[in-house]
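Submitted below is the structure of interest, expressed as structure tokens.
Chain naming follows the written order as A, B, C, D and E, and within any one chain the residues start at number 1.
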Amino acid sequence: MPTFPTAISTQQLSFRYGGVPILHEVDLALSAGKIIAITGPSGIGKSTLLSIFNRLWEENGDGRLQGQVKLRLDGSMVDIYQDAYPLDTLRRKVGMVFQTPNPLPMSIAKNLAFPLRLMHIKDKGLITTKSEEMLRKVHLLDEVGDRLQANATQLSGGQQQRLCIARSLMLEQEILLLDEPTSSLDRQGCLRIEALLHELRGTTTILMVTHYQDQVQRIADLCYELREGRLHQTL
Amino acid sequence: MPTFPTAISTQQLSFRYGGVPILHEVDLALSAGKIIAITGPSGIGKSTLLSIFNRLWEENGDGRLQGQVKLRLDGSMVDIYQDAYPLDTLRRKVGMVFQTPNPLPMSIAKNLAFPLRLMHIKDKGLITTKSEEMLRKVHLLDEVGDRLQANATQLSGGQQQRLCIARSLMLEQEILLLDEPTSSLDRQGCLRIEALLHELRGTTTILMVTHYQDQVQRIADLCYELREGRLHQTL
Amino acid sequence: MNRATERGLTLLCWLCGLLPLAILCIVICYLLVRGGSSLNLALIFDRVPAMDALLGHQQVFDGLFPALCGTTMLVLLTLALALIPGLCGGIYLAEYASPLERRILGLLFDIIAGLPSIVIGLAGFSLSILLHRLFPGRFGPCMLLSAMALAFLILPYLVRSTQAALNSIPQSLRITGPALGASKLQNILLVLLPSRIQDIIGGIILAIGRAAEDTAVIMLTGAVASAGMFRSLLDQYEALPFYIYYISSQYTDAEELQRGFGAALVLFTLCGLIFLLALLVEQGFSRRWKR
Amino acid sequence: MAMGSGLLLIAILCMMAVLGWPLVENGRFFALFSTTWSPHAQAYGILPMILGSLRITVLALLFSLPMSIGTACLAELLAPRPLRRLLLVTIRFMAGVPTVVYGFVAVFLLVPLMREYLIFGSGFSILTASLVLAVLIAPTMIIFFVNGLQSVPRSYCHAVDSLGARPMQKLIYLLLPQAYPSLLIGVILGLGRAMGDTLISLMLAGNSVALPESVAESGRTLTAHIALVIAADFSSMEFTTIFACGLILSLFTVCLIVSIRLLDRFGTRGAQHREMSTESRP
Amino acid sequence: AGDLDSFKGQKGTLKIAGGTAHIPVMKEAAKLIMQANPDLRITIAGGGSGVGIKQVGEGLIDIGNAGRKATDKEVSTYGLTMYKWAVDGVGVVVNPKNTVTKLTTAQLQDIFSGKISNWKELGGADRAINLYDRDAASGTRSVFWKKGLQKANVSTTANIVASNGAMKTAIAGDPYGIGFVSVGHIDASIAPVTLDGIAPSLENVKSGAFKVSRGLYSLTKGEAQGLAKLFIDFIFSPTGQDLVKAKGFVAVQ
């Protein structure tokens, strides 16, 4: 695929938690700009797989990783575990939405501004416009636009989930890792997020865990099922 | 319905958070032993509605409630906000599964034993049998049976969700409040939980928030949609 | 905050953070150099065989043994007196008190924490005089009195650490217990406290350290320079910190000073041992609870 | 229980008031706030001691705060894992180092250094004492700081980590604001400890009764003053001033604590914290 | 020794408290007595002269130690009896590195009042003089002030240390310091200064040539009785007085 270079590739990737093997010699090559769905039964290792691409598993527990993981960042392939690629830059370029929404214990506005704040962006106007744009994109602006100063932890489950999606989009990452991003949304909310992902297709590589076959049908370019530590392509 | 007496009833129930009205003069009468589904867009007040029946909203924020809420507990209707019905007894009789799984930061086994411990049940054998039974019911025993001593917060999202369901069933409550109990489960896991709820039908009144029309079709006896502070029956 | 400030701050953190480590090293090294040579069994047991002293067959006069026992006993007694009220006070402040009460009582404990130990010692001393007038011949400065005064001294540490521990628990964990039918007390005892047990142990360690090293209080309420082994709680007793203080203020020759340094090392070790105990308790706790 | 200890505190304050009463009776109470202490000349001014106490306490806090925050951050965030454990153990250990030992070691090590290189004079000075005091109160603060940092929920940390925060950013934007109540308690207890400490200032501050012009000079704290005067005749006027000292000391503690709490109220961090934590709970 | 015979068959507890300077002698005596008669228990506490007098006056303890004479008021309120069992000289000391080793009373007065503020003026190094003083309540200080300084003014900027040991530590560490300690405490770490040509040594104190001296006192409420009497008698006995000498004081007998 000449127009779409590889954005994510793994070689002989194995992962274990303590003694328990989760992934076993996974080889993967995913093109840039696609939406790739990952399915599989509960507890099989989908979330773990995602966290490998932004090295977040390192923050907790006693995981052990073997093999190579390469991501296309700034136009060239980087071996994120070998090359001395700075962790913080990596995580800024690879956005993540967690399975359980995790808004920060501050106001909604601050939650959205947080990623920009980390980048030393101080321009108030820019922050506000950008925040509103993202809120609109996840269709949250109508619901919470009038209480942007309220604490984000007081939002309802689905609102938190959408807020987290909006937050992860603030930096226009090249790669997005979404862990069941529509699990607490009703059908309509779900379709809206899918439309948003559609928009991002082409510019952003999206790796997305989902449980719904119909969702896969609707938006995924590719679909893998995780079974016994290996990925099996189903679409 | 003479065979199925009313288990849950509300009269002129209104609820507001701070100044924001969430529920508006809701009148409800639900028969015992049924599965009642509640649907509605995100942020409309479904979780709030559930928390009214075990008075859990009182633990956080500045909610205000008006009207009457009666539950059938131990065979008679109790006005849970007026009569001096003890709060902890109420909550032991009304089980709840949260929208976001909330295992206690202790071992899986202790999580399951927790409700029994609150009742001062010390019988080790009983606790173990009961825990295993519940784990089997939510189909978690195969996955975690060999590491019951591991910390429950290390489980995957779907595993945590099932653990919480199992935990809420430990006391054989008369009323169950389930807030999107299958949101992080794959199709098969979802069907298994539904089968479990089917089993409970008749003995337990189940109030369940869900987003999936097909799930409603499969198991709900009744379905209400929450819109603009009122419940509209759709099934 | 730009990159440079960040770097600067990180560097500062490293510098500042390693300072205590360095200081402790210096202190220990210095003590070892000055007092290390006097560190032997004779320092503790004088010329009495260790077994005889431990079994109480023979009194130790010039050794640190009675002081060692006195301090250990004193710390344990103080903890026994202060632990329960301290924890209860913390729980009350965090979970039951109204905002006004919280403010007033909080201020109160802060003031207690700021009371100089010598004032508390004086209060204990005055109390002993009072008690002596009330019950002539029965009551004077003694270990129980010291323990009571020390308990008062360390109370704020226990209260505040418990309170801080409870306050830092996130709401989601806080409501899990009640949702399962835990009464308020059950929630506190079974969920909240165990989940932050390290914090509470931290407070206890602070309290132990404070009780073990205080000189001013015990000097006025029952610690003596020489008494032999204490026999009851109403007895006067020897204590290590007082011994060190006394040496440092009255040593007549270099050898005596060296014994003072040796005693400091012993006190050090004793504190270390008591902390080890606390850590073991903590580990046991968290293991039992988390598993 | 809390009531009980409250009563006890009030009892102690009352005791000091009653025992200090002769001063008021003799109309000498306000003479306390003069600058001369000379019992032979019937002058019982303790103003120099009051200033000494304040200076030492504030300085000690100033030195100790960065050190404590630094250590807590290292132990919780920046340092590699083995070092973290070492640090935590060290800190707990330091909590048990007897004050006398610090004083002792400082007399032999720090005082000559100060004399030769920093402040000249005798080396016994407010500065010297406050440096050592800073070390003394550090464990108290660090333990509370570490506990505070540790108690920040995992999910928040994950959120911040996944957004690419560097450790320092995580610390300043998330951890410190979240741990704020614990930090505050740590500071206040540390302050109390510094205020109430007797031996360090007695051994290192020089204890001269003159009004010190700078912190590099010898000065006396209220606590050291109490310790020095305690050998006097119990019913003498000098001795009576001890209780006045105790009272004034408590008064200052109250003032300092209240002002810290007020600062907290007006500080932005505090306001932000209030939004979501203890105060908003019913 | 025969002096311990009187304790035979005695039982009970004897409580002693007060000045820290007394502790070494008391401790040694108590050790001998308790070894001879294990049924006896003697506790020796510190706390300072004031506390000692207060405690013995209130009847909390049997013997109170004071490094100063009890004030008239103390004696009259409590009906105390004083026993002076040792004499302690108070000598001016400087750091061994200091070249100034002789002073006159007038120079001493000027030094302590701040008139002479540099060692240069006394033929020493060109460095400021660091004064070390004790607090007014200290017995050592009051005798030094009365007899050494002849009640001259003492500068308020003087550093004040809490004990003989602290004074020694300070002077031993400060090449430019000057202070005073109990003669028994003088060792190689500090250098004694001859005052008006007389060195502060035990011999000179004993002979009376060195005038700056004080008594060490034990007090009882009323006349000493029972164990307290036996103990005080023991201190005055040859064995007891040997102890006194061994600890660096001048015996009175």
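Everything below uses one rule, namely that contacts are C-beta pairs under 8 Å (C-beta built on N, C-alpha and C of every residue); 3 or more make two chains touch, one makes a residue touch a chain.
Quick caveat, the model's predicted, so the values are computed rather than measured.
Chains that count as touching both chain B and chain D, per the definition above, are A, C.
Minimum number of contact steps separating chain C from chain E: 1. Interface comparison, C-D versus B-C: the higher count of C-beta contacts falls to C-D.
Farthest from chain B in terms of Cα centroid separation is E. Distance between chain centres (mean CA atoms), chain A to chain D: 48 Å.
Centre-to-centre separation between chain D and chain E, using Cα means, comes to 34 Å. Separation between the centroids of chain B and chain E, computed from CA atoms only, is 80 Å.
Multi-chain contact residues of chain B, defined as those touching 2 or more other chains: 60-61, 100. Counting partners per residue, chain E has 47, 51, 54, 162, 166, 169 as the residues that reach two or more other chains. Multi-chain contact residues of chain D, defined as those touching 2 or more other chains: 108, 154, 166, 169, 227, 230. Of all residues in chain A, those touching chain B in their complex are 39-43, 45, 47, 61, 99-101, 143, 154-159, 161-162, 179-180, 183-190, 211-213.
Within the complex formed with chain D, the chain A residues making contact are 54, 56, 59-60, 87-93, 95-96, 98, 100, 102-106, 114-115, 117-118, 151, 153, 164, 167-168, 171.
Those residues of chain C that touch chain D in the complex are listed here as 1, 6, 9-10, 12-21, 23-24, 26-27, 30-31, 85, 88-89, 92-94, 97, 99, 105, 107-120, 122-123, 126, 152, 155-157, 159-161, 163-165, 167-170, 172, 196, 198-199, 202-203, 205-206, 208-210, 212-216, 240-241, 244-245, 248, 260-261, 264, 267-268, 271-272, 274-275, 279. For chain D in complex with chain C, the residues that touch the partner chain are 1-2, 4-6, 8-9, 11-12, 15-16, 19, 66-67, 69-75, 78-79, 86-87, 90-105, 108-109, 135, 138-140, 142-144, 146-148, 150-153, 166-169, 172, 179, 181-182, 185, 188-189, 191-193, 195-199, 222-223, 226-227, 230, 242, 246, 249-250, 253-254, 257-258, 277-279. Listing the residues of chain C that touch chain A in their complex gives 1-3, 171.
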